[in-house]
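Each of the two complexes below includes chain A, the first together with chain B, the second together with chain C.
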Partner chain A sequence: MTIIPSIKRDFLVKLAEDGKRADGRKFDEFRNIEIEVNVISKAEGSAKVKIGNTQVLAGIKMDIGEPYPDTPDSGVMITAAELIPLASPDFESGPPRENAIELARVVDRGIRESEVIEVDKLCVVPSEKVWLVFIDIHVLDYDGNLFDAASLAALAALLTTKVPAERFELGEDYPLPLKEPPISCTSVKYNGVVVMDPSLDEEAIAEVRLTIATDKNGDIRAMQKGLNGSFNLDEIKKIIKTSLDNGRKIQELLYKSAGK
Partner chain B sequence: MNQEKREIVIPSQLLGEIKNKKAGKGTFVENGKIYSEILGILNNNSEYVNVIPLKGRYDPIEKDFVIGIVDIAMASSWLVDINAAYPALLHVNEVPWDVEFGETEKYLNHGDSIMAKVLQVDQEKKLQITLNDRNLFKIKGGQIFNVEPHKVPRIIGKKGSMISLLKKYTNCRIIVGQNGRIWLDGSDDGVKKVIDTIKMIENNALSFGLTNKIENLLKKDAKDVH
Partner chain C sequence: MNSDIKLFENGKRLDGRKNDELRKIKIEVGVLHRAEGSCYLEWGDNKVIVAVYGPREAIPRHTQNPLRAIVNAKYNMAAFSVGDRKRPGPDRRSREISKVISEALENVILVEKFPRASIDVNIEVLDAEAGTRCAGLTAAAVALADAGIPMKDIPVACAAGKIENQVVLDLGKEEDNYGSADLPIAISPRTGEILLLQMDGHLTVEEFDKALDLAIKGCYIVSDIQKKAILEKYQPNSEGK
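So, the complex of A and B:
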């Protein structure tokens, strides 16, 4: 693990006391977001998302398979994340560790619980054949806030996904049936200050982290709290509000980038 | 010296014959021919053929001044991260304080930053550092940021020309460790200017006459302020 020098922590805390952040952003401001879609020709849908220097690539593959016994007439969605060593000195090769699993689960939950993929429409023959949607997330460059970058990349990839029905002789290709996408926004707290879209250094000194996925109607679709610290009620209310505000902006950008 | 451009070479690129030149850093010899070992910039000026890497970790050399961050305090020594391949050992005999056995944590702890000197590097690149010299101390206040270790010579400049320029125009206290860590202290604007300038130096490390360019830039900025 990279060691965070205590003077770096002191420096960030001192800046926060003056109402500043190291990169000059406001507390509730995101870094610049870039979304590029259809970057992988072999995938059914794909997208590359940049939040500041964090870069994430998401690809969607689809296949025909058996449904789960308890949901015989809905499609199946599987999310996997990989933190390749190229992305950060702290990522190592080998089986996924806790952080990769948490990343995949947070992305998965945001998409699953908001029911953005209409799984009922992905059934071919009930309890025999349904569509499987594989969401694969590759982290290319890690500079903080992987959760938001990964879920945004997954959504952008889903928005451009075409169901490959022709390949399986099930009629013509059609776009993946989708509802409103949820946008996840991550905040962290250090020394009593809550900041949105943490950079690598801010993430390293954070005491507690909260990811909230919100949709267009202003409903909360998923939440994940991480690390050992705690938030008070006012802080959570404030985070929900800033997440909604940022969520709306990011959603516009997402639709624009996906050409919808 | 060829002032046109610096040539970038790739691993296993043929650089010359052993008859004419000696194989230097970042190269290897096979069948009497010199090849590049790494991706880097060719330096063909002396009797040696050297390749300076574009990127990479710090390769410790004895008597280098480095900025280290303490990882673990052990009973009679500390392990210090100096951005090299291995953590560096700092023994209690090599610090200016009188440390009782087992009381190392009273002096330096996980996350503390120190200005140190590389004492010894063995053949396996295992290393020891020391705090027993002039200008070596525990760092308090200010901030640290990282650059590519191989670009440190450009940031310091010829005989410290670049770094003294920066100090002159920004009134900041700057210490550059050979391991690519830079410590800064000063006014907020000054520190921001130093960081921006050093990032620019890092990005333009391949160009010639950089010190003059930077001086013009800093002069222009200084005029804008007044």
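So, the complex of A and C:
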């Protein structure tokens, strides 16, 4: 993707040998995170998340539709991500490509598989009518670590979502039923050093990437390894620990920002 | 027209505005890190963000013009920006708006300075509540200035329309849905030239004159807000920044 001159790579590697990162962070330290909720009035729920200079906006829309035949009593969630050309000189317009699809699927999996949305409570008429939950991720400014920013934005948006029952004449609006959301933390490795929450430059020289989602109880809820490099077992164990530590802090911030 | 909906109450419009009053406008300059120029704009309940990239080599190559730059404005609505979720990606409406905005901006940008280049203006509508093309163009002009793109002027847009036989400035959502005409325009405030003009509905010639006059007045008010926002970022030593 981004072509980073070898000079810059040497610079980052050299800094890492002295235990430093270009922006002065520790290896296991996140950039500053800001979460702002209810930013879009037309959406059922919305949030803007900043991780350093990376900015992601997530909006939730809901509608009534048909359930899948194999889950006739469950609501349906659909996640889409757009890497719009607004966010980076390298993003092009057009239908979503590999990167946007991977991003949407990783965010989707984190929410779907850990059953954050209680889909069994989103049935209106079994086999006929259920609530559809659309999660749309809009990347506004790409400066590294989209996975964590997008997941966090989606979760914050869900936490503020009101089911628009009145609009469909199904009684009063009510908060979307949710369970504890797991927090995703991404690390990358370059030249034998593992760093948390990679910046754009660090991502560009990364050999291998690992995203781990952890929950409040300190359990692991989802993982995704990326790129063609490899980790050893010690590195994986260390990343799990730093992901748990950071995850706990981010979870607190998430609840505080969503007013819960 | 739906006559059940009343668009005036006690001589005021639904949102309490007078006939020649704009919705509240807020402009922030330079809100994005990666873009060369950017602008976030709120116009009533509309929220728009614009990023400018370029001048850079136009790709694909066959779009290059050896004599001047091409201006590539892309108007896009977020899926969650409207009542019923919009399918992501361009549709016929957004393509048309992209085209008329590109042409309006091209008029003021010194395109002959950058042969074979493209100037990309990405307009994202995050929250839509009538008048997004005016909001988009107004924000695009500020983002272009923020990107340091040489222009003859900072263009500005505003709409006027007709509701219940009265000509009013800057239609709101209900007024747009149930009113009888909408006239969005963009001008070059320095010369007063019209850069964009569209109309739908039904106006007499006299009403058109009145609406155009009102829209132009609105443009000048918005123009002042644009300039103030840009100066706030770039004027040296204001508040010790």
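Simple rule for what comes next: the second predicted complex is superposed on the first by the 258 of 260 C-alpha atoms of A that agree within 3 Å, B and C clash if a C-alpha of one lies under 4 Å from a C-alpha of the other, contacts with A are read in each partner's own complex, and residues count from 1 in each chain.
One rule holds for everything that comes next: contacts are C-beta pairs under 8 Å (C-beta built on N, C-alpha and C of every residue); 3 or more make two chains touch, one makes a residue touch a chain.
Remember, it's a predicted structure, so these values are computed and weren't measured experimentally.
Trainee: Quick one: on chain A, after the overlay, do chain B and chain C clash, or do they fit? Just give me the call.
Mentor: They clash: once the shared chain is superposed, the two partners overlap in space.
Trainee: Between chain B (first) and chain C (second), which does A:244 come into contact with in this model arrangement: first, second, both, or neither?
Mentor: Once the two structures are laid over each other on A, A:244 reaches no partner at all.
Trainee: What is the contact status of A:136 with respect to chain B (first) and chain C (second): first, second, both, or neither?
Mentor: In the superposed model, A:136 contacts chain C only, not chain B.
Trainee: Which chain, chain B or chain C, is in touch with more residues of chain A?
Mentor: C
Trainee: Is A:82 touching anything from chain B or chain C once the two structures are fitted on A? First, second, both or neither.
Mentor: Touch status of A:82: second partner only.
Trainee: After superposition on the shared chain, which partner residues are touched by A:6: those of chain B (first), chain C (second), both, or neither?
Mentor: A:6 sits against chain B, while chain C stays out of touch.
Trainee: Under the stated contact criterion, what part of chain B meets chain A in this complex?
Mentor: Contacts found on chain B: 69-71, 81, 110-113, 139-144.
Trainee: Applying the document's contact rule, which stretches of chain A touch chain C when the two form their complex?
Mentor: It is residues 39-43, 46, 53, 55, 57, 59-61, 63, 80, 82, 84-89, 93, 95-96, 134, 136, 138, 140-143 of chain A that touch chain C.
Trainee: Using the touch definition up top, name the residues of chain A that touch chain B in the complex.
Mentor: Those residues of chain A that touch chain B are 3-11.
Trainee: Residues of chain C touching chain A in their complex?
Mentor: 32-35, 45, 47, 49-51, 53, 56, 74, 76, 78-85, 88-90, 120, 122, 124, 126-129
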